[in-house]
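In what comes next, subunit A is part of two complexes: it sits with subunit B in the first one and with subunit C in the second one.
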Partner chain A sequence: MRRYRRVAFLLLAPSLVLVALFVYGFILWTGWLSLTNQNDLFVPHVRFVGLANYLRLFHHPRFLIDLKNTLTFSLIFIPGSLVLGLVGALLLNTGVRGEGFFRTVFLMPMALSFIVTGVAWRWLMNPSSGLNLLFSALGLGFLKSGWYTDPAVGIKAVALAAVWQLSGYTMALYLAGLRAIPPVFYEAAEVDGASPWQAFRYITLPLLTPVTLSAVIVLGHISLKIFDLVIAIAGISGGPAFSSDVPALFMFVTTFQANRFAQGAAISIVLLVLVSFLVIPYLYWSLRREVAE
Partner chain B sequence: MKLGKWSAGILLGFALAGLALAQGGKLEIFSWWTTGGEAAGLFKLFELYKQKHPGVEIINAAVAGGAGSNAKAVLKTRMLGGDPPDSFQVHMGHELIDTWVTTGFMEPLDQLYKEYGWEKVFPKGVLALLKWNGHYWSVPANIHRANVLWYNKAIFEKYGLKPPKTFDEFFAIAEKLKKDGIIPLALGDNGIWASTHLFETVLIGTLGPEGYKGLWTGQTDWRGPGVKKALETFARMLDYVNPDHAARSWDQANDLIIQGKAAMYIHGDWVNADYLAKKFSGYGWAPAPGNYGVYDALSDTFGLPKKAPHRQEAIWWLELVGSKEGQEAFNPLKGSICARTDCDPKLFNPYLQWAMQQWKTDTIVPSLAHGAAAKESWLAAINDTMSLFVTNKNVAQAQNMLAQACVDAGVCTR
Partner chain C sequence: MRRRPLFWFFVYLALSLLAVFYLVPIYVLVVNALKDYREVSVEAMWRLPEHLSLASFAKAWFGDPGTGMTGLGQNFMNSVKLVVPAVFLSVLLGSINGYVLAQWRFRGSETLFFLLLFGMFIPYQSILIPLVKVLMALHLYGTIPGLVLTHVVYGIPITTLIFRNYYAQIPRELVDAAQIDGAAVMGVYRYVILPLSAPGTVVAVIWQFTQIWNDFLFGVVITNKPDVQPITVALNNLAGSFIVEWNVQMAGALLAALPTLLVYVLMGRYFIRGLLAGSVKG
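The block that comes next holds the complex of A and B.
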């Protein structure tokens, strides 16, 4: 037994070292960088400046807009993907013909990279082409919009594209969840005289909770870290008046265009903290469940 | 034994390949010239280089993306990682000096300037922008002009208009055209630099060349009435631009002129190359309003990184870039004028001939949006200000942010 443990350790060691260095090591390095004055390509005397970079950040108009945009994005993107995914899964689960075909069609967007989706949606949502032309042709002119070029819409337009891309993914998750519910529950409910709505409300939904939770975690961390979709749709300036801007984009510009490395590191640490608010409770919850089982 | 034979063969192969490379030499040139006339110009230079130095293998390390936004990030990673290209494209002025020279990444090029007498052929205004700490740090390949007003000739003839010399004339024309349903001014700022670019011509027109240059040295007050007036004028101009400007790139904005939907476009002279490429000839040009007698210049230059792996090949490259032959071959294709003052005008199209004429007499000022006037972090802060201002037109907020940006850049004290 002990020999096996030694072999196991030896086999794991390379990846442990690499992860320790390239993931956790660099997170620590970024944390340290965010507390220094390294705000140029070459700073002769690197010194500790405390929380100065963070203070500046929370007074920066662009960063405050970014935080608000992240919230708006999450509020559209997460519920949107969940609801569309659930509806799709329920419809497919009724045993419709050609289920495999529809499943593939709805899942396909997930196989695309955000950059591809972004470029396609940039054309679709260009005010003088795409969707607007379609709406006029259908007599739905009132639906026309400036999309991402209108400061009042901005990030909401980006969130629509994100919903399109990931609702197929939540659908697949929910479909798997639905298939895992034993049919006897429904049979028992029928015997007890439950209506289909009651069966859905008191059997399906509660048993799908773990699936919903996993989906919220995955979608939530995507919405906090979103970068490629925004840059492909709204461009590197984050749209007019930063209406589509997000913290990750601001971080990229701050670090690689303005050379303010410490400031950029501070943005990424703030992002890390935000994501950990989401991930740590989830890890805690899933570990506890594993132990209970 | 079999294995031994194989590996010996492979080793021999590597050795031969290494020998061949060592004999031929290499040259890696980094730029963001990937399309149209600029790529054609670059290839022309490569061709000339190969004639002079046959056997040198040229590696074209170009990264696509307008105004070099992607390329600069790649370059930074390589330079900081100790893997520089042999020579790279960089904008003249603060983009080069503050990013790479003051930080100690470049080699001075005084020897080349002396050997080829470049101090006599490049204008003083350019030499001043290339010099830091008494040394020259890069070789300019070309000069672009940023403050040009392009206009649709048919529209101007129909309404009996002349290119506006002042902002008052500009607004009179704009009002007239707007009433008739023509977009007076085209703008394409899905890259916000295009708005910064327009704003810089307004700053020049309002403050004059000396006042504008003073902004970058701390002599002109960012909190003063001049900057306020420029912001107000700029805000007024924004009332006359196409409503979908945030969705268009600079060349898509230019399409509005070509299609006859918009009358005027204030932009750099790469627009001229765009017209030629799109086979449109119904355009005219003049200096931007308030910019008469001022040449708002930007230049692509090449320098020599200290750790360049093929130093000699890189020096040959710089010799070619600065030579009359090299500039005369490159610039007509790129759609820019020579940085040298002795190029043959007959090789150039009518617009460029006009620009060459003005280049000799005008006051030269450095372009902000294209890296000559201010360092990258300062420019990024001004771009941020423009992103907000173009939408909310809040003069007080913008002026405050601009003044703060100057303080952050270490140039102003308040």
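The block that comes next holds the complex of A and C.
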């Protein structure tokens, strides 16, 4: 048996080596880079500069806008996807005919790339076309907006497209969660004279809490990493007055256009730390729960 | 529970409104991509085409030598050349890892799994600079094999997760019986695990295919020349250029979306399983 386990471990080795190098090794490398002065294509004397790149970052107006934009994005994207996902899942779970058709339509955006979504939404949110035309025709002129071209809207427009694309994810999660609730719970509630609202409030919602938690973590980490969609809708400049800019885009431009590698590394480490705060407890919790079962 | 007709009326009404919300962007893409360039205008975006025309698809695919616009056809093929080996290799590695982690747990294997999974959630920005340097040193920067390597490595966590959860359902007794019959680690894999792997493999293949086909970040960072860029990067360049009419941009978006959309429509059930696996607890 011991010998077998050694063989098994050897089978795992190639992947472990690759991940150790490409994930953990590279993160350490980036971390080191962020503490140096390599802010040009060629730096004759590479020096350790401590937290200088980080300090500069937290006084950088663009980075502060990015953090605020990330927050704004999350506050629309996460609740939007949760509500739409839950409503869709509840509707699909009523046992309607044609459920398969509707489910296929609702989750379809998940199969598209952010770039394709971006092309469609950029035209839908073109100020002189798309949704604005539709709103005028429907007598809803007050809904007209400059969308991503208006600095006051900016990232909120991108968040709308993100809800369109990813609410199917929460819908799939909630649908699986709903299907896992034993029907006897509802039968018992009905016997006890509970109204449908009470059944929803005291059975469905509490039993969906773990699903909601998973969804919030996954959507939250997507909010921190959002990049493709911003480029595809607002362009690489991040929209007027950086109104759609996000840390991932700032990192990309800083590193690969301005060649300020150490500064770019610092941005990416900040992103990594933020994502870790969200993901590590979650991973720990889900693996624990799995062992306990 | 018995439902009243009024209840069903509102359910269908709500479902239809949702369907409209999800279909509107697709409608806009399809309707405008099918228009002749003379018919295209910002004001007529919602109107159906009077004459169906595939000219914008042809232009999006082949380009237009007159204006120096390069078509997406070449990039579509780049994505194919990228996706086939990258999916195959990452699924193969995931299957082996999943097998070991599900059936041959050893001390510390849970910790290793945790460390592996974390690699799936990291913002890739935090590894991009070393990645570019290493690929340059290996002479793989700016090449499709470089992109393949990248997608294989960063695909390991999710494929391992999918297969581990899948293989965990295979009863231990089957493995024990094979061992009594004289099979060792590889024998068990070959004669017990592999023949049972089809559903899990379909989930992993579809998931990886969609992820890699749709990737933009690695493509834009690793491939700098248009003739090696995958389709997402080329589409983004096309959409950002002012010389390309927007019906051509929309046709290009549909061409880029076609393969994953097709797989989704035909095998949606497996796609959703991959989606659910991504939230760790399958």
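Just so it is clear, the second predicted complex is superposed on the first by the 292 of 293 C-alpha atoms of A that agree within 3 Å, B and C clash if a C-alpha of one lies under 4 Å from a C-alpha of the other, contacts with A are read in each partner's own complex, and residues count from 1 in each chain.
Here, a residue touches a chain if its C-beta (ideal position, glycine included) is under 8 Å from a C-beta of that chain, and two chains touch if they have at least 3 such contacts.
In this text the structure is predicted, and so the values were computed from the model without any measurement.
Shared-chain residue A:Ser128: touches subunit B and subunit C both.
In the superposed pair of complexes, A:Thr149 makes contact with subunit B only, with no contact to subunit C.
After overlaying the two complexes on the shared chain, residue contacts for A:Phe256 are found with subunit B and with subunit C alike. By the touch criterion defined above, A:Leu287 lies against subunit C but remains apart from subunit B after alignment on the C-alpha atoms of chain A.
Looking at the superposed arrangement, the partner reaching more residues of subunit A, out of subunit B and subunit C, is C. Residue contacts after overlaying the shared chain place A:Phe42 against subunit B, while subunit C stays out of touching range. Within the superposed three-chain model, A:Ile76 lies out of touch with both subunit B and subunit C [touch as defined at top]. Of the two partner chains placed by the overlay, neither subunit B nor subunit C lies in contact with A:Leu86.
Within the superposed three-chain model, A:Leu208 lies out of touch with both subunit B and subunit C [touch as defined at top]. Contact with both subunit B and subunit C is seen for A:Gly235 once the two complexes are overlaid on the shared chain. Residues 126, 128, 235-236, 256 of subunit A contact both subunit B in one complex and subunit C in the other.
On subunit C, the positions that touch subunit A within their shared complex are 1, 3, 8, 11-12, 14-15, 18-19, 21-26, 28-29, 32, 42-43, 45-46, 93, 96-97, 99-101, 104, 106, 110, 112-119, 121-131, 134, 153-154, 156-157, 160, 184-186, 210, 213-217, 221, 232, 235-236, 239-240, 246, 249-250, 252-254, 256-257, 260-261, 263-265, 268, 271-272, 275-276, 278-281.
Chain contact summary for the complex, subunit A toward subunit C: residues 4-5, 7-9, 11-12, 14-16, 18-19, 22-27, 29-30, 33, 84, 87-88, 91-92, 94, 96, 98, 102-124, 126, 128-130, 133-134, 164, 168-169, 172-173, 176, 186, 190, 214-215, 218, 221, 224-225, 227-228, 231-232, 235-236, 248, 251-252, 255-256, 261, 264-265, 267-269, 271-272, 275, 279-280, 282-284, 286-287, 289-291.
For subunit A in complex with subunit B, the touching residues are 39-42, 61-62, 126-128, 146, 148-149, 151, 234-243, 253-254, 256-260. The touching residues of subunit B, counted against subunit A in their complex, run 69, 72-73, 76, 80, 99-100, 102-104, 189-192, 243-247, 376-377, 380-381, 383-384, 387-388, 390-392, 401.
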